[in-house]
Structure formats: C-alpha cells, structure tokens
Amino acid sequence: MSQIILFWSVLACEAILALAMACAAYRLARGPRAQDRVLSLDAFYVSGMLLLVTFGIRTGTTLYFEAALIIGTLGFVSTLALAKFLMRGEVIE
Amino acid sequence: MSFLDHLIIMPILLPLGAAALTLLFDETRREVKAGINFAATILLIAIAIALLVQTDAVTREGTELTITYRLGNWPAPFGIVLVADRLSAIMVLLTGILGINALIYSMARWQAAGPHFHMLFQMLLMGLNGAFLTGDLFNLFVFFEVMLAASYGLLLHGSGVLRVRAGLHYIAINLAASSLFLIGVSLIYGVTGTLNMADLALRIPHVPANDLGLLHAGAAILGIAFLVKAGMWPLNFWLPTTYAAASAPVAGLFAIMTKVGVYIVLRLTLLLFGEHAGASFGFGQTFLLIGGLATIAFGTVGVLASQSTGRLAGYSVLVSSGTLLAAIGMGDRAVTGGLLFYLVSSTLTISAFLMLVELVERARVAGADVLAVTMEAYGEDDEDLEHEEEVGVVIPSTMAILGVCFALCGLLLSGVPPFSGFISKFAMLSAVLQSEDAASPIPASTWWLIGLLIISGLASLIAMTRTGIATFWATLEGPTPNVRVIEIAPIAILIVLCLGLTVAGGPVLHFMDLAADALHTPTDYIEDVIGTTPAASAGGAS
Amino acid sequence: MSSEVLLTVLIVLPFLSSLVAGSLPANARNAEVWLAGAVALIGLAITISFYPDVTGGEVVRYEIPWLPSAGLNLIIRMDGFAWIFSMLITGIGFLVVLYARYYMSPKDPVPRFFAFFLAFMGAMLGVVTSGNIIQLVVFWELTSVTSFLLIGYWYHNANARDGARMALTVTAIGGLALLVAMLLVGHVIGSYDLEAVLASGNTLREHPLYTTILILMLLGAFTKSAQFPFQFWLPRAMAAPTPVSAYLHSATMVKAGVFLLVRFWPVMAGTDQWFWIVSSAGLITLVMGAYAAIFQQDLKGLLAYSTISHLGLITTLLGMGTPLAAVAAIFHIVNHATFKASLFMAAGIIDHETGTRDLRRLSGLFKYMPFTGTLAIIASAAMAGVPLLNGFISKEMFFTETAIRNPNMFANLALPIGAIVAGIFSVAYALRFVYGVFFGPQPTDLEKVPHEPPSLMRIPIEVLVLICLIVGIIPGIAIGPYLATAVVAVLGQDTPHYSLSIWHGFNLPLLMSIGALIGGVILYIMLRPYLALGLEGPPLMRRLVGQRIFERILVTISWKWAKTVERWAGTRRLQPQLFLLVLICVVTAWFALRPGFEPVKLQLGGWDPGFVILWMVGIFCAIAAAHQAKYHRLASLILMSGAGLVTCMTFVWFSAPDLAVTQLLVEIVTTVLILLGLRWLPKRFQKGDTDHTALRTKLRRYRDIVLGVFAGGGVAALSYAIMTRTAVPDGISRFFLERAYTEGGGTNVINVMLVDFRGFDTFGEIAVLGVVAITVFALLRRFRPAADSVEKPEQQRIQNAYDDLRPNRQSGDTVNEYLMIPSVIMQWMFPVIIVLSAYIFLRGHDLPGGGFAAGITMSIGFILQYMAGGTRWVEDRLRILPVKWIGTGLLIALATGLGAWVFGYPFLTMAFQYADLAIIGKVPMATALFFDLGVFVLVVGATVLILIALAHQSVRSPKAARSTVLPTHAVEPPPEPALETTAVETPALEIPGGAS
Amino acid sequence: MSGDQFPLWAAIAVSVLLVAGSLLTLAGCIGMVRFRSFYQRIHAPTIGTSFGTIFILAGSVVYFTVTQLRPAVHEVLIFVFVSVTTPVTLMLLARAALYRDRIERDPDVPPSKDPLDNAEMEASKQAPRRPAVKEA
Amino acid sequence: MSRILPYPLLTLSLLVLWLLLQQSASPGHILLGLVAALLASRAMAALQPEKPRVVRFLPIFRLVGRVVVDILASNIAVSRLILNPNSDMTKSGFLTVPLVLKDRFGLAILSCIVTATPGSAWLEYNPEESEVLIHVLDIENDQEWIDTLKNRYEILLLEIFG
Amino acid sequence: MELILAIGIGVLAGSGVFLLLRPRTFQVIVGLSLISYAVNLFIFSMGRIRLNAAPVLNPAANDPALYTDPVPQALVLTAIVIGFAMTALFLVVLLASRGFTGTDHVDGRER
C-alpha cells in the first residue's frame, strides 16, 4: 500500500515539476525582455533541481544527490553572470 | 618489463612530457623551450628508428609479431592497447622527421611569432603518434582530438586575419567531423559491444544480418570523419586555404595531417572489412576509389588554377591524398606496397614544398614582402624582436639554392623519373596492371587511376614550371631574399631523404610490401593483440 | 676493366661530373671544358671498346637491382644499335664541348651550362642503353628535364623561357604517354625487360591493347622527334645557345624519338596501324618541314625546320615497315646527325661573328670567312642530298623505298610524290642557306666586320664535314660495318641484303634524285623575288602557327578551364562546406544502412509522464534556441542552457549521475564563457525580409531545415534502433563491472574506467584541455576587438557618466553599489566552493565525482570572485598561474603513469590498497588518486586560464584592429599590456597567501 | 522503491510533502506565466525556492531517514545554498532590470530621484552608440 | 591565532559542511575535513574580505523563526493570488523604505530575507539616503510591508550587528 | 521512453545542424553546442538506457546484470570534456575573427 502511494505521488510530483519547468520554459522563450528570460532560467534550474531530488526518492538512492547539490550551490553562477551582463554589458570587469 | 618493452609508448609520453616541461618556463626563456623541443624530437626519431628496427626484425625471423602494449596492464580488448607494426613505425618515424625539420625551420623566426609554440608543437607530435599507435577506436578519437587541438593552436600561431579566418573554417569543419567520429564509434560499439580494433575485426563477421546495416552506417559515418581529415573531395575545400594560411613550419608539419586520415582509413578498411570480414568484405572500397579519383581530379584542377604558390602546395596535398585513397580503393595487396611508398615519399616532398613556399614567396616580391613576413613573425613592435639575433649565416647564391630546391620539389611532386615520386607512382600502377590477367580486359577503374595519376603529374609539372619560371627566371632585379641556413637546411634534408628513397627504392619497397602483406592478412595482428596474456595478473601491483 | 664497370661508368660518369661541373666557380671556363671534354672522350672510348662485343648481333648486359619487386632493375644493355647511338652521343658531344668553349661568352656562368650538358649527355646515353623499358622512360624524361634547362639557359630572354617551357610541356606529355605505353607493354608481356619485350612481338601485335600501346608510344616518339602535329616546339627551342641546338637537334634529343621507333620496330611495326600512322605522320612532317624551312628568315629556324623534315623522312622510312627502309632510316639517323650538327655549328659561327642570324641581313660572307663557308656549303650539300656526300646515299635509299611498288594506293602515290617534293624543297632551302649567306652582295648593316672564327672553333665542323665526305665517297668502308652492326642489332635475322655503294646504276631513285636537285634549283630561282620581300613565315601556313595554337589550348585548359572548374567544383565558403559534410554523411549512412536493416518496431509503453514533459520542454528549448540565435543571442544562449539542463536530467534519469554532474558543471562554465564573449560581438537588429535576396535566404533556410530534419531524423532512428535491441551479450562492459571493485579498487565503475581501465583516454583528454587553454591564451594575446566593440559597453558608459557628473561620486560607484550586497555572499561562497571541490574530488573513486568535476568546481569558485570583485581586485589578492598549473597537472599525471614502470608494469598500471591509518581507519589508497590529482590541477589551470584570458580583454586598453579590409596580415598589435604576462604568468605557483 | 516494509505513515507524509512542494513550485512557475510585468514575475520563483524546496527536501529527508535508518542531512545543505544564492541572483537581476527600464524611460518604473538624471541621460545618449537594444 | 586560523568560525562551518557532505563524523573525516576547511579559509584570507562583527547571537534564532513564518504565509498568499483566475494583477508597485541599518552584512541579510519572501523584492539600496527601493506584489497595504521590514527584521538585525 | 529520448536526440541534432549551416558565428557555436548535447546523448543511448541501475557497485551484490553499461558513460565523459574545450576554443576564434574582420560572418566577410 505504502509503495503504491509513494509510487503515484512521486510520479505525480515529477510530472508537476516537469510542468513547472514547462511554464518556466514558456517564459524563457517568450521573454519579452532579457531579464524575464534570465529569471525564468533560474526558476527552470530550481524546478529541475527539485525534480532531481524527487527522482532520488523514486530510485531510492542518494547517488543523484550531487547533481542537485551542484545546481543548488553553483547553478546560480550562470544566472548571476547573465544578470551582471545585463547590468554592465560585461561579466567580468 | 624491460625498458625496451616500453619503447612503443615513448613516442606518446615523450612529447607530452616535453610539452608539459616547456610550460614551466616563462616565455622569456624561449631558448630553453626550444632546446627541450629539439631534444625531445631528436629522441623521438631515435625511438622511432628503434621501433622500426624492432617491427622489422621480428619478421625477418619468419614469424609475424606485432608489438603490443597493454595500458594499465589490462588485457585486450578491455583495456587500451597500443599496437606497432611496420606501418605504425614508419608513420611515427615520418612524424619525427617532419617534426625535426619543421622545428629547425621555425627556429629562424617563427617560434617567436606567438607564445607557447613549442608546447603546441610537441602536443601535435603526441597526437599524431598516438593516432598511429593506438589499437582502440575511442582512444583514436582522443588522440585525434589532441592532434587537432594542437593543430588549431599551431595554425593560429602568429595570428593575423588570414590565419584566423582560415582557422575558423578549419575548426568548424573539424568540430563537425569530430561529432561524426563520436557517432560512428559509439554506433559501432552499440552493435558490436567493443572498441578494440582487433576485437572488432573478430566480431564483425559474426554480426547478425539485421544489425549489419547499423554497423555499416556507423562505419560510414566514421569514415566520413576520417575522410574530412584525409581531404577527400568534396570534403576538402578547407584544406588549401588552411595550408596556405599556416606559417611555414606549421604547414610543413601539417603535411602529415592528411596522412593520418589516410592511415586510419587504410588500417581500418583492411582490418575490419578485409577478406575475413564475411558479409562486410570490401565495405566502402568503391566509395574510396571513386572519392579518391574525384579528389585527384579536383586537386589537379586546383593545382592548375592556383595563382599563389601556397594554394598550389595545398592542392598538391589533395592530389596526394586522392592518389592514396584511390589506391586504397583498389584494394589490391600489391598496390598497397606502392601506396605506402607513395605515402612516405609524398609526405616528405610536400612537407619540404610547404616550407619552401614561404621562402619562394619571399623571393618573389623581395623587399616589401620580406618586411611583411618579418613584421608578421615578430609583430611590428613586439619585444621578441630584440633578443632574437640573426644567428644563421645568410647563404650566398640564395636564389640558386632555392631554385634547385624548387626544381627538385617540382620533379618529386609531378612524379618525373627517376625520383621517388615516380617510383611510387610506378610501383602502384605497375602493381595494378600486373595483377590483372594479361588476357582479360583492363577494368575501367584502372584506366581512370592511370589516367588521373598521369594527368595530375603533368598538371603539377605545368604549374610548377609556370611558377618556377615566374619566380626564378622572370625576375632578375631586386635584392635576394633574406634566407637563413636553418631555413633552407630542413628543406634540403627532406629532399635528400626523398632522393635517398630513390636510391634505396628496392629495400624500401620491399619493406613496404611486407607492411602491406601484414595489413592485408591481419590474422597475426589480431592474434597478437587479443591472444597473449598480460604481464601479470591484472590489477594489484601493490 | 670488366664490361659491367665500363657500362656503369659510361652512364654514371656524366651525372657525377655534372654535379662536379655545377659546383665549380663561375669563371672556371677551361676547367669545365676539360671536364666535359674528358667525360665525352671517356664515353667515346668506352663505346669504341665495346665494338667487338656488339658486332654480329651480340648484346652486353649488366643488371643492377633497383626495384626488383616491381620488376624494375637497371639494365645497361649495349647492342649494335645502342652502340652507334652512343658513338654519336659521345662523339658529337665531344665536338660540341670543344665548340662551346669558343662559342660561350666568358661572362656566361658556364658551370651551369656544362652541368646541364653533362647531365643531358648521361640521360641520352641512358636512353639508348636501357635494357628495361621503364628505365628507358626514366632516362627519356630526364632528357626532357635537362633539355628544358639547356634551352632555358639564357632565361633572362623571354624566348628562351617560353621555348624551354614549351619543349618541356610537349615532351613531358609524350613522356608520360610513353610511360603508360610501357606499363601496358609490361602488362601484356609480363616483364619490362627489353629482351623479353623484343622476343614477344607477336604477342604484342595480336593483343587487343596493341593499338592503344601503339598510339601512346607514338605520342612519345612523335613529341620527342617533333613529328606532325607536335613539330612546333622545335623551332622555338632555337632560343637555346647554338651548341645546345647543335647537340640536341641533330644527334641526340630529337633522335630519341626515332631511336624509340627503331627500338620497337621489330615488335611494333608491320601492322596496318603502324604503317598508316607512322608513315603518314612522317610524310606530312617531311613535306611540311621542308616547305616551312624555305621561308625561314632565321638561320637556325631554317635548320630547325630542316631537322623536322629530316626526322619526318626517317619516320616515313620506319613507317613503311620493310627491313630495307629500316636500314635506310638507321643510316639516315647517322648521316643527319653529322651534317646537321656541322650546319648548326656553322650557323653559330656566323651568328657569333656577325651578330645576327637573320637571313635578310646576311649576305656575301664567303669573302670574309671562306673556310667556314666551304664547310657549310659541303654540309648543306649533304643535307640536300648531293652525290658524293653521305646525305645522298641515305636519301637515295629513301627514294628507292618509296619507289617500290606497293599493294596500296597511298604507298604507290603519296610516298614517291611526297618524297620528291620534299627533296625539291630541301634542295631549295639548302641553296637558300648557302647562297643567302655566303654569296650575293656585300652585307650592309652588320654590327661588326665578320671574320673567320678561331681555328679551334672550326675543328668540330671540319671533323664532321670530313665524315660526311668520307661516308659519302667510300660508304662501304667508312660506315658499312658499323651500320651493319646497328642494323643487325635491330633486325636480327630479318636483316636484308643491302649495298652501300654510291652507284646503283641509272634507275628510278637516281632519276628522282636528279629531279629533286634540278627541281630544287629551279624552285629556289623562282622563289628568290618572293624571298627578297623578307616576309616572316611560309606562305599559306603563315597564320597557322602551331606553337600559338598549342599555347592557347594550354592556357585555356590549364588556366581558364581549371579556374572555372575549381570554382564550380569547390568553394571557399564555410556554409556549403558544412552542408556538403552533413549531406554526404546522411546519404552515405543511408546507403550503408539499407542492406541488412530491419525496420524497428515501435515500442510504446513504460511512459514516464515526467520524462515526457521534460523532453517536450527540451525539444521546445532546442528549437527555440535555433530560432532565436540570429537576432536574440542572449535568449538563444539561455534556451540552450535549458536544453542542456534537460540533457543533464536525462543522464540522471537513466542512471548516469557522473555524466549529469559533469555536464552540469560544464554547462555553467560554458554559459559564463559565452557571455564573456558576447561583449565582443556586433549588435544585430532584426530587419524585415522583403527583397529578392531575402527570398534566396529563405530558400536556403528551408533547404537547411530539410537537411536538419533528415540529419536529426537519422540520428534519432539510429539511436532508437540500438536502444531497442538487446545489448551485445559478450560485450566488453561486463569485464569492467566485474573488476572495478576487486581489481580497480573503486565502486564507481565510471571513475575507475576514467582513471584506470581507460586512464589513457583521460590522459589524452586532459592533454586536449591543456592545449586548448594554451591556444586560447596565445590567440587572445593578439586579440584586437573590432572597431565598434572597442569602447566600453553602453551600460558602463552611461553609468560612468552618471557617476562622473556628480561631485560626491566617483566613476564606478554605480557598479560598486550594485555589487555591494551580493558580493558579500559571492565572496563567502569561495571557501565553501573549495571545500565542495575537495569533496567532489575525493569521493570520485567510489561515488560520482572525480578530478575533472572537482577542477571545474574549483574554477567556478575563482570565476565567481572575478565576477564579484573584478579582475584587478582578484589579482591584487590571488596569484593565479594557470599555465604552470597546466604543466604541473600534466606532469603529475605522467609521473603517476610512469610510476608503474618501476614495478615492471606497463604505463598507467594502478595499484590500490586499503591503508590502515592510525586515526582515520581503513582508507582506500589508489595510485589512481594521484592521477586524478593531475587531472584536477590541469582542469583548474586550463579552465581558469581560458576564462581569465577572455576576461582580461576588458581590462586591457584595447585598440581596434585597424581596418577590416587591410590586404595583408602585416598589421600587428601594439605591445601587450603588462597585466597579461605578469599577472597570469610570471610569479611563482601559489594560490592563497599571496596577500598579507 | 525499496520494499514493502516502508511504513504507511511515512509514505503518506512523504507523498504529502512532495505533492505540496511540487504544487507550490508549479504555482510559482505559473506565476511566471501569468504575471504581466517583470517586477511581478520576480516574486514568483521564490515560492519554489522557499517552501517548494523545503517541502520536497523534507519529503526526501523523511524518506531516506526511514529507509536508511539514519538521518539524511544532505538536503539541509541544498536548502541552505538555495536560500542564500537565489536572493543574490534575484537582487542583481532586479537591479539590472530597473536600470534598463530607466534608461528606456519606462513610465511604470520610479525614476531615479536625482534631478540631474534626465539631462545626463540625454548627454550619454549623444555619445556614439547604437540605437537602444531591446535584447541583450 | 589569526595567521593559522584567520576565520575560526568559518573554519568550523566548513568542517561542519564537510561532515554533512560526507554524512559521517568518523575521525578520518574530521581530520580530512579539518585539512580542507583550513586550506579553504586560508584561501579566503587571501581575498581579505570584510569580517562580520556579530554583537549578539541570540536574536539570530528569533529572526529565523520570524522569517520562516512570514515566508510560509507569503507562499500561501502569493500562490492563492496566482492560482485564483479572477485575482487582480494590477495591485503591485514600488515602495521606498528608509533604513537605519548600515552594516553591510546586516543589509545583505535583510535583502536576502526581503527577496526570498514571495511578494517582496529588494531592488535598489541608496547608501547616501540610506533608503531602499522594494517592489511588492500587493501595494494595498504598503504600510504593513514597511512595518514588517522595519519592526520585524531591521530591529533584530540592528541588535545582531550592533 | 526510448522513443522520447530518440526524438529528443533527433531534435537536438537537427536544430544543431540547422544552426551549423547559418552564416553567423554565434549561430554556429550554439549549433555546435546543441550537436554536442545530441552526440553525448547518442553515445549514452548506445549502452541501452536503464532506469535506476547506476554503475556504482554494491560490493556485496556484484552482479553485472544489475548495472548499466559503463563504457558509453565513460566515453560520454571524455566527449563532454573535449566538447567543452572545443567550444571554448571556437568561441575565442570567432571572437578573434570578428576582431580582425569586423564582421561575425563565418567567412570573415559579408556576402
């Protein structure tokens, strides 16, 4: 029973998070301004990270944790670079 | 394992070590870097000769034995294996010879045209040697990439708009080709479950019929990647521009780059799709033949149409590639010996010619052009200029010596007797014709090969005469170009080597015939790679 | 000395002495003559010494192995025919050397001349003594090359250059044809040995390839011997110094062609094809050459056309195919050589002494140079076929042969008529030569007063004319045995009976001779008024200049057409090249796939909704990225990252955590990298596509979309096909899974593969990374931004202007405020990332991670600091020496690999053990860890170097590349800002602690 | 999914946490789609990074603690890093957007209080520059 | 002390980070973690960052508590706003809030809190005027936002950083 | 699942090829990146995809059938690294080309 509950909830969770990614992707493509795209990329990454965590639960291993951890720790660097690029026209001065 | 057992890996490790070492020295200590480079290259030649002797010696005793080296002491086909037979050894030696000459040439001025020349130089040697020695398909990819990466760096060495523009094309095309390489290799792995070339040769005959298409598709995609490197028409338009844009010593070294593609095509077609390949026997041969012939034709046209000597040299490279590919496409054991001879001879010639081009161009518009070249080499106001003295002696009668070199290059390129260019073409054509029964009609492919080889030689002769006359006979005024001994000496060495090939044609051809036999009958190769057991129980050497 | 040695000396000596001659100083005229003369005399002596050995059809052979496996050994073969040719080559060669001593100006750099001359002599000797037909081609081509050099000796003269080039081109074409012919002969007969070939006449003549071989062989012979339609190069070759003409165009070079015809006469002649082609070409050449010779204004031109004509005569004789005609041909070869050589020398003396060769200006010279005049007159008479001279006898034999009744019409009519017409013409031009030069009025506009040449210079002519006389008067004694020797060597048992007497009675040939003589005189008298007009070139054929036609054809084919074809079959643009690459790949893969490929059954089911949505997003991102890449770079980059993230997630989904981690890290760095580059790209604005070009662009776009669909579809199909097949049961992967832990010492098979099983791949891979970083660094040192990118980005300009305008602010305050709060967090992330990097590094062997991932992580830590504080800020505090890190990383990896050697194992053999340490407990200690350390150090160095080198472009005071259209690459940069070399390269290796 | 011995209460807890977290995240992303201006959208993703993340990580903690019989603390790290880094990104991004909008004189954005602003923005536009860029 | 251990707190945190990452507190990992943490803090020292001066530690926990509660509330509120198809999307706007807090770290934490809370975003801090521009999703009760900011967070931060 | 992945690979490759053939250097570099994603996934797929079978061994239960094929994964890792290096290189070369020629057209001149 608990297995069935878990199975379906995890599956649903995955689908929901994937949908969240889809929403972010919509804004990613739609824009209209660069800042909107950068913002949605951030959301996209976070949703992706959560999806990885969920996937870890589904497979019952912690092997996939590093990927999530790296998104959490370092994923912001590219978004940060994009933001700075918008502000200054240059990433490193 | 004794030191001699490690000999086969030295052509890879030595350049890597040398390259890494040069990085530890600052740019200001260029002599040290050049010294390291020089020593490593000389040592490489010595090792290559030792390897050549080893590979040849084993057969003299009557038993074919391919030298293998199991990296990490893992047994084949699981670990990566290095394999040296005559062909690999000769290619490594060729690399060393081109290397040392290009290096000497570069010491006159080009080494100072940008940072880290010597590192890139050694890395190119490493990539080349790795590609020639590896027995693993994916490891081949890695060494191809080492070679390509270094070639990108060397092509761009000296910077400037022409190089960068040519470099962009060269890199874009090769990146696309590398993707094909990966797709091809992985597809083959997907079908056969192995990456070791010898193991592949064992497995290909047993590939189920409905997987055969996939295997062939993988091989075809892989082949395209190689043929881009080999310069087969119509995948070769980048080549003349690239070779013309590269600085002279780099171009001289690049002469072997197309040969890597040819080498691997030759190796793999004969190993994987040779007589023992069952349903896959002869795969791709027609394609190679037609492509090779088209390449000769295109190269010939280009040779004639070239206005600049640099492009002329580039198209000569294509003619050479086309000849080799077409000869591979003939799939004839006797032809293969001649084609190996041709490979060596034409590589040496083209290398000499590519380096000569710069000197000839200098002679052409002496004065203004010399200034341009010097400026390019050093940068108008580069600090390098100051501590780079004119060490070499400016040779007298420069023009005469350049003229002799140019004439000899022309004769070698166009295959005029009795030089090695002729011998190799003759050996191939003779083999093609002799292998046919005198009574049966000569097939069309043979006629095409004969015709195109002859016409391409004639075209080279016409073009070289045209250029030579315009350069050496038609212009009398103006100062003689500033050419240093260390620039002309490497060219002379290469030409002398070609002349040596002429004189020693018999033994060399015999060697090549033996190499060809081994290529066409790869059972010994396979047995040596797969069969023997590793040095000790794999793994724990604690 | 043995005959082997002598034969070898005969061939090798000229070449060796050529090298010697070439290296003598420029003023060593006499030494050169002594050398060349000695070589010729030695050759002559050797040849003479072989006479006893070759009489009566004997052959002397010496075989030197060269390419035994290809059937090409050097065979020096002396028979009677080769002997008589060797006599000519060495004998006349010696006389020409002597003559050249006086002919060549002391100012001429004669070492070059004699070097070429001797090489040519050697090549010629090689041709005639070749016992292997390929070897014959070898020397044949050598004569082409050396004659090219001789003709072009005075290369400052455009005529010499053109004449040399044309001679080379034409004879080289012939030579290559000859090569093919010989290859085919070898194919038919199975050997290249001349002996074997000569013994297989019937096989050859009956073989289907006979006609092909014949045509190719004749191409060789006709081009060399200037037979119609290849006669045109010879007159142009007259730009050569006269000694060269005297040698090449009388006795040697042009005779090589007829030599070949004679050589192969026994095996090739006697068929209809032979008869028709050879005799008609010969006859046309005979008549046309003689006709053209009459109207030449240049003395040497006259002799050149006369040579063509005489060669035509010889060819005609050979074409007839009868043994007697062959005898006549051989005889005429010898005769022509003697009188023509002397005539060329005489012409040279006239040229030398008067300063001109123009027949219009020469006149009445007999008074000034009676000796030379007499000699020239005798030689001309020989040329005209006057009795008591050698030319008469062979010509008479020719007439005899033409007069023989023959079953076919052509032979009955055309041959005798042609012969007699040519005879008349030859008398006329001989008269013109003699009368025009030596008689008539006093010369008027000569530059100097003509007089006799030095007597030694006349000796060669005297010798030759003497031979003409002796042979003409007592042929049986003077030449009979030698001719017989040659003839027997060729004809063997077919040698007919012939007599060399002057008087054969009053017969038809004699009548023809007399007719020709009288006709010639009459013709000359009739033509004198016309000739007095001094028009250039022969009437009727004036506009048909062979050389011009040839030049035009050559230029059209080898230049214009070549350029057109090159343009049509090639491109220098990138897009078509990539298009072709992909297209060819798709097509060949399709063709390769077709046999033996079962269409895959679609496998539906097992759908994972999350995965499906994920990939819908991925697909959307990929397409959108492609769509936006032209005008919205940033959007495209962001969308690409989206697709990249989906790729990472896929790796996770299908159990590849290592790949996901690595791809993710690379993704981050790549994004930063491209952003660093974006600043230097031009701004691009969307334009409306309206006009005609837009349509083409649109069509190209559709074409590319189609190709993209096929390529993508192909890749998809291939991967689907593999994925739906069961894995290969005995693939290599099982091995790794079984041994990764027990023998590799790690549970993460991927990492064990990377550092152990396939550590060599990693080894190469880090080398690639290092090389690329170095390349990037090197290239960026010379980086010049485009003119419109030099300035700071617009945002910075506005913000700085804002700050500058306010008294309470300083330039840069805006950015400082902007980063004030975030930079706190960015800085404090630095140690965190270092710890994370150490963690990723250490766990690699057992769990996802490893040197590469750790290295990238570390470099992200660095880059974050650069973003937070700026380049100067970071480099004031940290000393980063990425280049040295790269070197060190490579060396660490190398040393780890080499460590195995000490224990007698191959490179990269890893050892592992569980070390029981005091506090820590059981720790896996694999040498692979050291290898991974090398990877780590290199990756940090390379990544940081790439990023920093790029970032540094912003802080340099950049100067734009000067112009976009500068023609050369000569424009070079100003010196590097010190920052580049010092901060990134010079100081010692240390990360922390640089600050104090 | 490991085995049947997984307690029901935990399964329910994990499920609830996961679904709640994912729904919150989805809500945030829907906000990304629905909100009209950038400044509204900037509020949306923080739902995902705050409680969306907390719930899902909590679910993970519960799950792994139960199955592995030891506390799973990795998730804490993820949470810490996400909540530290996301605001940094958003701040930088928002400030950049503000700046961009001001340059373009977006009437919806409060102008800088500085009276000099207008004049000098004109001045800076005199400097050689290309037309304003809508994109990057 | 400062030369060997320039940032003791940082080193300790890094050690904790290490142990959390390894999910183990074995002596070996403590040793390894210590080495890593020391190296990392040495690297940090090279950057010469400004050190936070924490005066009181206790309010930190109160702050965390408040923040968690507020964020949860905002989560629900904003989600409701988004998911309600009829919700009014025009009520958002900008707010300028004057601040007393000057400490860089304090400001950093405050900005993180504001931004991490759904419904409010930290846009621009003006050091001259010592005021901050924030954007809020629901401008109706703007005073409530200002109160939250100043009374719930700033006070505590002032206590922490003095 | 296989079908989805295959389609995904195909779309990535197709978009990449389309971009590869475009005239602007930036388009080409994005194209090459997309192609490299596709290629990496392609190599990966050659090992047949499996859910929840990571190649991290459990020393206690060492049955090779439980794990995915590690070989393609190792290849992908190498390919990722090399791809990264090449992207960086191509980027710098396109910047240099743009600097020297003034245009971002792949041929170094506008057509």
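We call the chains A, B, C, D, E and F, going by the order they appear; numbering starts again at 1 in every chain.
Convention: a residue touches a chain if its C-beta (ideal position, glycine included) is under 8 Å from a C-beta of that chain, and two chains touch if they have at least 3 such contacts.
None of these values were measured; they are calculated from a predicted model.
Colleague: Taking a step as a move to a touching chain, how many steps at least join subunit B to subunit E?
Modeller: So the least number of steps between the two chains is 2.
Colleague: Where the contacts of subunit C and subunit D overlap, which chains show up?
Modeller: Touching subunit C and subunit D alike, sorted by label: A, E.
Colleague: Could you let me know which interface, D-E or B-F, is made of more C-beta pairs in contact?
Modeller: D-E
Colleague: Based on CA centres, what chain would you say lies at the far end from subunit C?
Modeller: E
Colleague: Using mean CA coordinates as chain centres, what's the subunit A-subunit B distance in Å?
Modeller: Centre separation, subunit A to subunit B: 48 Å.
Colleague: Using mean C-alpha positions as chain centres, tell me how far subunit A is from subunit F in Å, no decimals.
Modeller: 20
Colleague: If you average the CA atoms of subunit B and of subunit D, how many Å lie between those two points?
Modeller: 55
Colleague: Taking the mean of the CA coordinates per chain, how far is subunit B from subunit C in Å?
Modeller: About 16 Å separates the centre of subunit B from that of subunit C.
Colleague: Residues of subunit C that contact two or more other chains, please.
Modeller: In subunit C, residues 572, 574, 578, 582, 608, 611-612, 632-635, 653, 655, 657, 678, 715, 718, 722, 725, 727, 731-733, 736, 757-758, 761, 765, 768, 772, 775, 779, 782, 788, 794-795, 799, 818, 821-822, 825-826, 829, 832, 836, 847-848, 961 touch at least two other chains, as defined above.
Colleague: Multi-chain contacts in subunit A: which residues touch at least two other chains?
Modeller: 14, 17, 19, 21-22, 31, 34, 38, 58-60, 63, 69, 73, 75, 80, 82, 84-87
Colleague: Which residues belonging to subunit E are in contact with no fewer than two other chains?
Modeller: 17, 21, 111-112, 126
Colleague: Going by the touch definition at the top, which pairs of chains touch each other?
Modeller: Here the touching pairs of chains are A-C, A-D, A-F, B-C, B-F, C-D, C-E, C-F, D-E.
Colleague: Across the complex, what residues on subunit E touch subunit D?
Modeller: Going through subunit E, the ones touching subunit D are 17, 20-21, 23, 71-72, 75, 78-79, 81-83, 89-90, 92, 94, 96, 111-124, 126, 129, 133, 135, 137.
Colleague: Quick check: in the complex, which residue numbers of subunit F touch subunit B?
Modeller: 20, 25, 28, 32, 35-36, 39, 42-43, 45-47, 71-72, 75, 78-79, 82, 85-86, 89-90, 93-94, 96-97, 100-101, 106-108
Colleague: Any idea which subunit C residues touch subunit D in the complex?
Modeller: Counting only subunit C, the residues touching subunit D are 631-635, 678, 683, 685, 788, 791, 794-795, 797-799, 801-802, 805-806, 818-819, 821-822, 825-826, 829.
Colleague: Show me the residue ranges of subunit D that touch subunit A in the complex, using the header's touch definition.
Modeller: Going by the criterion above, the answer is residues 1-4, 6-8, 10-12, 14-16, 18-19, 21-23, 25-26, 28-30, 32-33, 38, 41-42, 44-45, 48-49, 52-53, 56-57, 59-60, 63-64, 67, 72, 74-75, 77-79, 81-82, 85-86, 88-90, 92-97, 99-100, 134-136.
Colleague: What residues on subunit D touch subunit E, complex-wise?
Modeller: It comes out as residues 24, 27-28, 30-31, 34-37, 39-40, 42-44, 46-47, 49-51, 70, 72-74, 76-77, 83-84, 86-88, 90-91, 94-95, 98, 109-110, 113.
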